[in-house]
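Can you keep this structure in mind? I'll have questions shortly.
Each chain carries a letter (A, B, C and D) given by its place in the written order, and its residues are counted from 1.
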Amino acid sequence: MSREAVFNLVVLAGLVALPLYAHLSDAPFTITLATRAVILSLAAVGLNIALGIGGLVSLGHAVFFGVGGYAMGILAFHAQTYAPLMEWPFVVEGTKSMPVIWLVAVVFSALVALGIGLLSLRTSGVYFIMITLAFGQMFYYFAISWSAYGGEDGMSIYVRNGFPGLNTLVPVQFYGLCLVLLCAALAFNAVLLRSPFGLALNAARQVPDRVRAVGLDPFRLRLLAFVISGAITGLAGALFADLNRFVSPTMFSWQLSGEFIVFIIIGGTARLFGPVAGAVLFVALEHFLGGVSDYWHIWFGLLLLGVVLFGRGGLIGVIAGRGRGHD
Amino acid sequence: MNFKTLAKTVAMGGAVCAALATAAAAEVKVGMITTLSGGGAGLGIDVRDGFLLALEQSGRDDIEVVIEDDQRKPDVAVQLADKLVQSEKVDVLTGIIWSNLAMAVVPSVTAQGKFYLSPNAGPSQLAGRGCHPNYFNVAWQNDAYHEAAGAYAAADGSKKAFVLAPNYPAGQDAITGFKRGFGGEIAAEVYTKLGQTDYAAEIAQIRASDADILYYFLPGGMGISFMKQYSGSGAEVPVIGPAFSFDQGILGAIGDAALGVKNTAHWSKDLDVPGNAEFVASFSEKYGRLPSIYAAQGFDTALLLVSATAAADVTDADAFRAALKAADFQSVRGAFKFADNHHPIQTIYMREVIKEGDVVTNRLVGPAAEDYADPYGVDCKM
Amino acid sequence: MTEAVLQTRGLFKAFGALQATEDVSIELRPGEIHAVIGPNGAGKSTLIGQISGAIVPDAGAVLLGGRDVTALAVPGRAKAGLARTFQISQLAMEDTVLQNALLGALGAAGRPFDMLRPVARRGALRDRAEAALARVGLTDQARMRVAELSHGQRRQLEVAVALTLAPKCFVMDEPMAGLGTEGSARLTGLLDGLRAEAPILLVEHDMDAVFALADRISVLVYGRVIASGTVAEIRADPAVREAYLGDAA
Amino acid sequence: MSLILIAEQVLNGLQFGIMLFLMAAGLTLIFGVMGLINLAHGSLYMVGAFCAAAVAAATGSFALGLVAALAGAAAAGALIELVVIRRLYDRDHLDQVLATFALILIFSEGTRWVFGSFPLYLDVPPALAGPVALPFGIQYPLYRLALIVIGLVVAAGLFWLIARTRIGVQIRAGENDREMIAALGVDIDRLYTFVFALGAALAGLAGALVGAIQSVQVGMGEPVLILAFVTIVIGGIGSIKGALIGALLVGLTETLGSVFLPELFKLFMAPAAATQTGASLSSMAIYILMAMVLIWRPTGLFGARA
């Protein structure tokens, strides 16, 4: 077994063992923190399909995160106020059921990704980075002025949504649910990497001319990758909204899109567990550094700079040795 | 590992008698979530400093404060609230500056049986249908300044107002509040982009209008930008606003451009009520700057907390709630009591920006709305 | 005369004031290697671009097996049976040799959106890829990463990827580029055998290879075909001697 | 709505666009010559404003403040070029985005550490305060007029520098071929540091000039940064001419959109709803503009064809 595989197993074991530790040491907040890390990991795993395999540096992935969050917020808001979502041509009621919310979140973020992808994948390089950023800003300002759903204030959902057979209000149970989804996404990612689609997408990042020359269209490959990526990040958004029982336009902010990229880089680009390692590290740093100094962003910035300049390959690169780079 | 500020000062001989009488009361743990980094940090720092000053002066050594920085991000605030409730097991929470953060945090912490004392934000939802027995607003309901300003402008003889606010819920509330108090004709109602820094276009519209009064609500950097640009534009419509845009923290950055502007607040540093002069003096001495309304709010919040913990044990929720509701403390704003929706009934004053030596600051003009109570209380069922 | 597999009819392309190709009409017949030669800047790359679909001609048409494919983009022409190789190797350097060949097989088979079954388990793709690698002599290197291959091996892999497409014709852009005598000889042998499977349009600078392989040669100078014919005819053509080969030839 | 008001709004849009150009020019130059995408450009804008505010407060002279802004931002730019940016030229855009994102964090919190959390005071110099009467009865703030003039002068200077001077030749050569100018014996490291410092100085100048009529505070750079990126993407990355056209387009769209869109909606909606819808749409207007330009021309108006 390679060192990377060992590392992945250790991370996974840690995530599974954590609730046990938290239970024994009576630290329920540790679970909340871990849930946050797991959900952000899921969002970054989504982005990594576009960025790590497809080479699409999207600085607007918070859009999908936000769409997923608002899907949850809007459905739950209508459920808690007993006002139907729409009455014509047929009545659509809100819901507090997580599976339904997840489905809606995934479908809508996939549709948004399809729309954004169709337009922005015509560009490449810096233009792609910038046009995704612009779409992010568009959604951000739209959410701020969408007063029906709280505008800048966002929306509070007073009780976490339910999942059949579980009590999601118990932190460990919600954590378990998120962890299962993260593992499912990682498994899907692993399968994808070995599939014909993974092969073709990977090649489309490295040698698009070759991919065309064998009769495949890189645009379509990238578009599909972008849609899948957006759907997974959207699912993470719905979970994040449920974790906080709150949605707001900050879920669309470009800084959040930047942070998703940060997770992937500090974890290790194009590593299966890179986004997970990065997000866990980020949440831990935010928690501990934030306690040490008011100016913790400086230290975090320096750390990030160090990783980019000297620690290529991220955390996993340092631990497991060099894999393939991302350039 | 936690950023703990243990406000434990040695109890001094001259400490408040009430505090000594109940010295046996259990320790009270307070969680403060406020903005200490990023663009809006000035407000949070003032609230924190005012709060800690009052605590220190009370001489109470049984109140422990855990302070956390929300970075002005709602999701961070929610996470910190979870941490304070689940991990630190605090009894009382306070500190949030922004309405949207309050909306994200307050309903869930009060639902978990904790008390929340708001030192700044007062969104209408929490004053009306969303009110809660454990939620107390020590500052003001969001509409208060706006409505009082409208009433003052109308009483002052203004007939036609130009109103301006950012396009977000607090901005829309501000305009609604002003119009309710004003009752007169509105020349134009302009919504700007949140975070906008250039107001040339709006100022041109103002100059072209026939309004005889300009009311604007642009908190933070937006207000600084607007006022500097407005004063240089040659527009002559007199300005009135809420104190948020003319408070001590930002007047320094606006400078002379703000001179003469009228603004509403529930407190002013030259307000002649018992304890206020001492507060201003001790705050200035300790922190080397003049207190802002936020500092006064933080100070009052701590006074309320101290008075309630002296009268009742925090573990007895009903008694503690009653003690809070009684508001048995000398507020630096003068007369103060809670309405049934746990929001203040208080006088809103009109202030004017002046220069004292080199320092641009506010002076009291007079009451703008006496015994103001917000209109949302009727919707509050508790 | 048998019908041409690949045919261009009056291709024109200008970049600003520069006329890169001007009325270029050439034919590739079954079983032959047709070489296109010409000095630097003669328009060879532009011609290849127009044939493969990367460059849209200002006027003219490209026919593949008698069908007009001018309106098709690169992937469409590949599907129609045109396999090209690149002057500068276009290979996924991070991937293995086998994976690169599999990419070609996948392109030929279509359906690249299968994301659940591992490639390795799709036997038909694998067989096709391994057969192509065996054909160019890279079976032993199948599990190596392309980054670890020598330059000569990469040129062989370029041909192998084209082979996986089982095309109607090959269009090869300087396959000998950068190769030494030995590598060049090996590749020449390989191409020699390929013409039986599909004809090759060969753009090449290496004159030894061209004279060894070509059935016919077209000479491109300043965007125009100044001569076209058998090797002997071209060697004897005075215009070619003057414009291109010089008196030395 | 009167013609005078429209004329005034157009002036406002121009002024906004010109200031945006100062930001965008540096960004596009740095991208064109070094191929670097610099998210920290907004931080240099902030550094300029803070230097100007600090020096103007200490000396009472706005002009000295401007000098300090230029010098401070150029020095900060040269410093980060030498220490950090230099290592990024050969990296892909992803690394550049990340490293300069980290620089934003460091600059923002560092500035707050040095200057505190409250906005600083920086005002228009008395000589330029107040309005001025223009033809047709237009009253316009003198300072804003001065900004337009300064911006145009700087733009002209920049075009001259690039078209007519030795260093301009090197810059243009650098855009085309790095190895070529190294072969010509140009010290490429020094050229890059110079270009980066020049871009930084322009950003710092914009920060100081705009800071006088806006708020000098931490985080002031990010909104401008995003607008500047929108600008150069519209204009075509690497093109100074594109940056100028893009900046004017963005400035006019932003300014005129916020004024006229609500008016437009009032034609067929209730006033309150129209005001809000118009305001919402106008806040998204430039991003819509950018998306449309990129769909039409994926490399911007004056960008090199891919």
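As a working rule, contacts are C-beta pairs under 8 Å (C-beta built on N, C-alpha and C of every residue); 3 or more make two chains touch, one makes a residue touch a chain.
In UniProt terms the chains read A = Amino acid/amide ABC transporter membrane protein 2, HAAT family; C = Amino acid/amide ABC transporter ATP-binding protein 1, HAAT family; D = Amino acid/amide ABC transporter membrane protein 1, HAAT family.
Worth saying up front: this structure is predicted, and the values here are computed from it rather than measured.
K.L.:
Among the other chains, which touch chain B and chain D together?
P.N.:
Touches both chain B and chain D: A.
K.L.:
When A-C is set beside A-D, which has more C-beta pairs in contact?
P.N.:
Here the pair linked by more C-beta pairs in contact is A-D.
K.L.:
On a CA-centroid basis, which chain has its centre farthest from chain A's?
P.N.:
Centroid comparison gives C as the farthest chain from chain A.
K.L.:
For chain A and chain C, let me know how many angstrom lie between their CA-based centres, rounded off.
P.N.:
Distance between chain centres, rounded to whole Å: 43 Å.
K.L.:
For chain B and chain C, let me know how many angstrom lie between their CA-based centres, rounded off.
P.N.:
Result: the chain centres lie 75 Å from each other.
K.L.:
From the mean C-alpha coordinate of chain C to that of chain D, what's the distance rounded to whole Å?
P.N.:
The computed centroid separation for chain C versus chain D comes out at 48 Å.
K.L.:
Which integer distance in Å separates the CA centroid of chain A from that of chain D?
P.N.:
32
K.L.:
Which chain A residues touch at least two other chains?
P.N.:
141, 144-145, 147, 295-297
K.L.:
Hey, what residues on chain B touch two or more of the other chains?
P.N.:
As it turns out, chain B has residues touching two or more other chains at 37, 167, 172, 193-194.
K.L.:
In chain D, which residues are in touch with two or more of the other chains?
P.N.:
108-109, 112, 276, 279-280, 283
K.L.:
For this entry, which pairs of chains touch?
P.N.:
Result of the pairwise touch check is A-B, A-C, A-D, B-D.
K.L.:
Using the touch definition from the top, list the residues of chain A that touch chain B in their complex.
P.N.:
Contacts found on chain A: 27-30, 32-33, 36, 141, 144-145, 147, 150-154, 156, 158, 171, 240, 244-246, 248, 250-251, 288, 290-292, 294-297.
K.L.:
For chain D, which residues are in contact with chain B within the complex?
P.N.:
1-2, 4-5, 8-9, 12-13, 15-16, 108-109, 112, 117-124, 129-131, 139, 141-144, 210, 212-220, 223, 255-256, 258-259, 262, 271-272, 275-276, 279-280, 282-283
K.L.:
Can you check the complex and tell me which residues of chain C touch chain A?
P.N.:
Interface residues on chain C, with respect to chain A: 52, 54, 73-76, 78-79, 83-84, 86, 90-95, 99-100, 102-104, 106-108, 110-120, 122, 125, 161, 164-165.
K.L.:
Across the complex, what residues on chain A touch chain C?
P.N.:
Listed in rising order, the residues are 191-192, 194-200, 202-203, 206-207, 209-217, 221, 224, 324.
K.L.:
Which bits of chain A are touching chain D when the two form their complex?
P.N.:
Listed in rising order, the residues are 51, 57, 59, 119-120, 122-127, 129-131, 133-135, 137-138, 141-142, 144-147, 254, 258, 261-262, 265, 269, 295-298, 300-302, 304-305, 308-309, 326-327.
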